[in-house]
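Scrolling down, you'll hit the structures one after another.
Shared between the two complexes below is chain A, which pairs with chain B and chain C, respectively.
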Partner chain A sequence: MALYLSIFTQILITIVAVSGVYVLTGLTGMFSLGQAAFMAVGSYASGILVVKLGVPFPLACVLAVIIAVAIGYVVGFPTVRLRRDYISLVTLGFGEAITALLNRATKLTGGASGFIGIPKKTTFLMALLSAIAAIALVSWFKTSKYGRQCIAVRSDELAAKAMGINVPKVKMTAFLFSVAVTAFSGCLYAFYITYVDPTIFGWKKSADWVIMVFFGGVNSLTGSVAGAFILSGLPELLRSLDQYRSIIYAILVLLIINFKPSGIFGEWELTFGNLKKLGSRRSRKALKEGKN
Partner chain B sequence: MALLEVKNIHKSFGGVKAIQDFSLEANPGEIHGIIGPNGAGKTTIFNVISGVYAADQGSVTLDSKNITKMEQHMITREGMGRTFQNIRLFKGLNVLENVLCAFDPQSKYSIVGGLLPTPKRRSEEKRGREICEHFLEMVGMTAFLNERPENLAYGMQRRVEIARALTCNPKVLLLDEPAAGLNPTEVAELTELIQRLSKEIGFAILLIEHRLELVMSISHQIHVQNFGKTIAVGTPAEVQHNPEVIEAYLGKEE
Partner chain C sequence: MKGGHTVSLQIVVNGLATGSVYALIATGFSLIFNVLKFSNFSHGALMTLSAFAGYFIAAQRGLGLIPTVLVAMVTGALVALAGEFIAFRRITLHNTSPVYFFVSSITLGTMFEGIVTVKVGANFYNYPQFFQNATIKLGNVVISTSDLLMFCCSAVALLVLAYIIQKTRVGRGLRSVSFDRDTASLMGIDVTRTIQFTFLVSGALAGLAGVFLGINYTLYPTLGSLVVKGFIASVIGGLGSLSGAIIGAVLLGLIETLSISMVGSGYTPVITFLLMLVFLLVRPSGIAGSNIQEKA
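What follows is the complex of A and B.
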């Protein structure tokens, strides 16, 4: 039971992070290969604040998110003006730089041997509530004018500008929101595992998240959450296959791109209205089949 | 002073002189047609006026404000609406949401409203919805609010694009080949729509079009472009009898 609870808590933390990635990659069409670095910033900043400076945990989370957003602003400022493909390169470089920095700043971060002695504060309930809150905020964002403008920018930047949309500002808003959510997942992570080291926040983690978003459906938050749930849950349950994780992921991505490029859920979102529609379609189909 | 004043603009791409010394003055209620063979630089004129490209020389003034060097989205907010030659509606949004995107920059709620369903957000979204539904009604697309634009017929997509441009509250509306790919019935409907909009809203309309029956029937003034140069300006009747225009369109008599 304790094992399943632990696995489930970690899945929920991943869901928080991936809902942030969804805002950036799914909604706005920007690929970040350094998103995990913002999780690292969240983890280390909150950890250092609590362990070395004695700041209470909730305040440390808030401060860590603010620090991450400030760094995000500095990284984002030149980046959002670039063409889309360059954004992945800049964020990749930034992410690796953060990892290197965490490795070198031994006094503050413990270097390559990791940062230890973080108290265990994150509970299953806290992770669950955080995941629900993250999903709620992101889905409200999606249906707001901000979300709409993000989709417009993803679809056609030139047309978006011609409609009066300030494209760099929209990209920046999406970027900072996603950074905030991801950094918060870092706080949860650090105070659950109680130990962090720089290697877990490399570009591979960022790439995993992008894969999760694509797996579930790049245009659907429901899909991204489901993707995070399935792809972060599977390796935990099939521990013995851990070595083959990358291979399994690669095969999954190839299958998805070939047979269902829009992901498992496509654009479908889990809402009451859509559930009703699905239900009525099912019953109509059943009725039809019954008649035949 | 005219509402829109385009003065002697030039634009080159490398060695290609796409626009040479183009000038135009448009006032509210007027319809200006811009015609010419393919590659005459017509769309480039629109792109310079609406800020996609900056002019190499010359100036563009909208409502006595110099917009020559402004960013594209700011020019739109000053009152410039446009449609595109190859329809550029947003994928992933339905018809109403597409039009709402043009309202969103005018919508007045902050990021707090972007993350939480605040009362301010609700009232602004409602206001936007009403405005957009009004413009969609004007172009006759009320029945398709929740439809995906890619599922609609070409002519209907054009109408949605026009509704989206109207939502920008334009003082000047740029229509880039609105009749391209439409059948004769649709062209007649479109002609009627453009004239009605011009009367009801009273903005200046600039129209690029290959369908001469459309341009000639509704334009007050026509600019004929060829190889980046203006070869004739005048009323439809004047232009039709201009020997240079006949030459550009039909070739020279041997």
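What follows is the complex of A and C.
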């Protein structure tokens, strides 16, 4: 039971991070390959604040998120005005820089051997509530004015500009929002595992998150969350195939992109209205079959 | 005073050698960016894959450097061609949103790296010693033989590439496809064939760069993450410009060597990253000044 609980908690933390990635990639069409590095900033900042400075845990989380957003602003400022490719390249460089910094600043971060001795504060309930809060926040963002502007920018930047949308500002808002959510997931992670080291925050993890978003459906928050749930739960089921995990993922995703580019869920969202529609369609179908 | 000169000359020589490998990475990446207008993130993993192919097929059997390089280049070219077919063909044909190129290339990279990891685990491998004399002394400057070879090979490869692109028929086709794919196809250029050719060349460059990186460092499954140097170089030089990529790469090599000699290798990625940010602020179009706008 404890094992399942631990697996679920980690999946929930991943879901928090992926809902941040969804804002950036799903809504705005930007790709960050340094998203995991922002998670690292969240983990390390909150960990250092609590362990070395004795700041209480909730305040440390808030401060860590603020620090991450400030760093995100520096990274985003030169890049949001440019072509979208730049943000992926720049965040990739950012990830490398952060890893180097964490490895190097041994006194503060413990260097390559990791930062240890973080107290265990994250519980299953807390992770669950955070995941629900993150999903609620993101779905609110999606339907808000900003979210719709983001979708406009993703679909056609030039047309969005012509409609009077301030494209760099929208991109920046989405970027910082996703950085904040991801950094928060980093806090949860650090205080759950109680140990962080620089190697787990490479671009591989960011790429995995992007893949999760696309697996479920790039236009659907439901799909992204489901993708995160399935793809981060799958390795636990396939323990014996651990080596082949990334290859299996890759083949799955390539198939989806080639043959159903909108992902498993397409644009479908889990709402009461949509559920009712689904139910009525099914009952209508049943009725028809009954007649035949 | 004389000592200072030698040290700085030494830095220039080392920087040029490092920069020439970065130039190989950056041009391989920029070629694809030029033609298909997306950042190919599978390039790094392709370098790893072909470097390991060179190791297992040639170097391990005691064949010399040249067979190793050839095997790696051929592997790189063929795998890139296969990758184009698996991951990018349908997206190009259906004109789906360019974001899918991005995801496809990341996924392809993950797959290549996964294949390498399955074969070698997390172990480190070393190419055998290819040269009898590890260093050559020119005046006061010591050049390692592999650095010299790297520089020469890269220069030759890039010159051949420039000749192909500027002077030959297929190169002209490549340039026109990169300019406007639809019009090029109306003019009777086989776009698919041209894209395949681009991937072949880019893959061969990846193989060459992979072997050199393997000689310089060691062979390990995440060797491909060094591709980030190529990305930084092409951002500095101007995304999508081949000559800009080469200039950016040489500049990056020089700055990196300088920074290593001054603050050590640990902080160097931080410095190159900050340099890239400054470049984007001051001159977002890069050294070459070709700023490709997002197409409507």
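Quick note on the criterion: the second predicted complex is superposed on the first by the 292 of 292 C-alpha atoms of A that agree within 3 Å, B and C clash if a C-alpha of one lies under 4 Å from a C-alpha of the other, contacts with A are read in each partner's own complex, and residues count from 1 in each chain.
In this section, contacts are C-beta pairs under 8 Å (C-beta built on N, C-alpha and C of every residue); 3 or more make two chains touch, one makes a residue touch a chain.
Keep in mind that this is a model prediction, so the values were computed, not measured.
Asks: Will chain C clash with chain B on chain A after the two structures are superposed, or do they fit?
Replies: fit
Asks: Between chain B and chain C, whom does A:N166 touch in the aligned arrangement: first, second, both, or neither?
Replies: first
Asks: By residue count, which of the two partners contacts chain A more extensively, chain B or chain C?
Replies: Between chain B and chain C, the winner on chain A residue contacts is C.
Asks: Using the superposed model, give me the angle at chain A's CA centre between the CA centres of chain B and chain C, as a multiple of 10 °.
Replies: 80
Asks: Using the touch definition from the top, say if A:I257 reaches chain B (first), chain C (second), both or neither.
Replies: second
Asks: Looking at A:N219 after the superposition, I want to know if it touches chain B, chain C, both of them or none. Which is it: first, second, both, neither?
Replies: The first partner, chain B, only.
Asks: Applying the touch criterion given at the start, work out whether A:S144 contacts chain B, chain C, both or neither, answering first, second, both or neither.
Replies: It touches chain B, and chain C stays clear.
Asks: Should A:L158 be classified as contacting the first partner (chain B), the second (chain C), both, or neither?
Replies: Both partners, chain B and chain C.
Asks: Give, as a whole number of angstrom, the minimum Cα separation of chain B and chain C in the superposed three-chain arrangement.
Replies: Scanning every C-alpha pair, the shortest chain B to chain C distance is 9 Å.
Asks: Which residues would you name on chain A as touching chain B in one complex and chain C in the other?
Replies: After superposing on chain A, chain A residues 156, 158-159 contact both chain B and chain C.
Asks: Using the touch rule from the top, collect the residues of chain A that touch chain C in their complex.
Replies: Listed in rising order, the residues of chain A that touch chain C are 25, 29, 31, 33, 74-75, 77-79, 81-86, 88-90, 92-94, 96-97, 99-101, 103-104, 156-159, 202-204, 207-208, 210-211, 214, 218, 243-247, 249-251, 253-254, 257-258, 261.
Asks: Write out the stretch or stretches of chain C touching chain A in their complex.
Replies: Touching chain A: residues 33, 38-39, 41, 86-87, 90-91, 96-97, 99-100, 102-104, 106-111, 113-115, 117-118, 222, 225, 228, 231-232, 234-235, 239, 266-270, 272-274, 276-277, 280-281, 284, 291-294, 296 of chain C.
Asks: Give the list of chain A residues in touch with chain B in this complex.
Replies: Residue positions touching the partner: 137, 140-141, 144-149, 151-152, 154-156, 158-167, 173, 177, 219, 267.
Asks: Of all residues in chain B, which touch chain A in the complex?
Replies: 50-52, 71-73, 76-77, 82, 84, 88-93, 97, 100-102, 104-107, 109, 111, 113-117, 121, 124-125, 128, 164, 167-168
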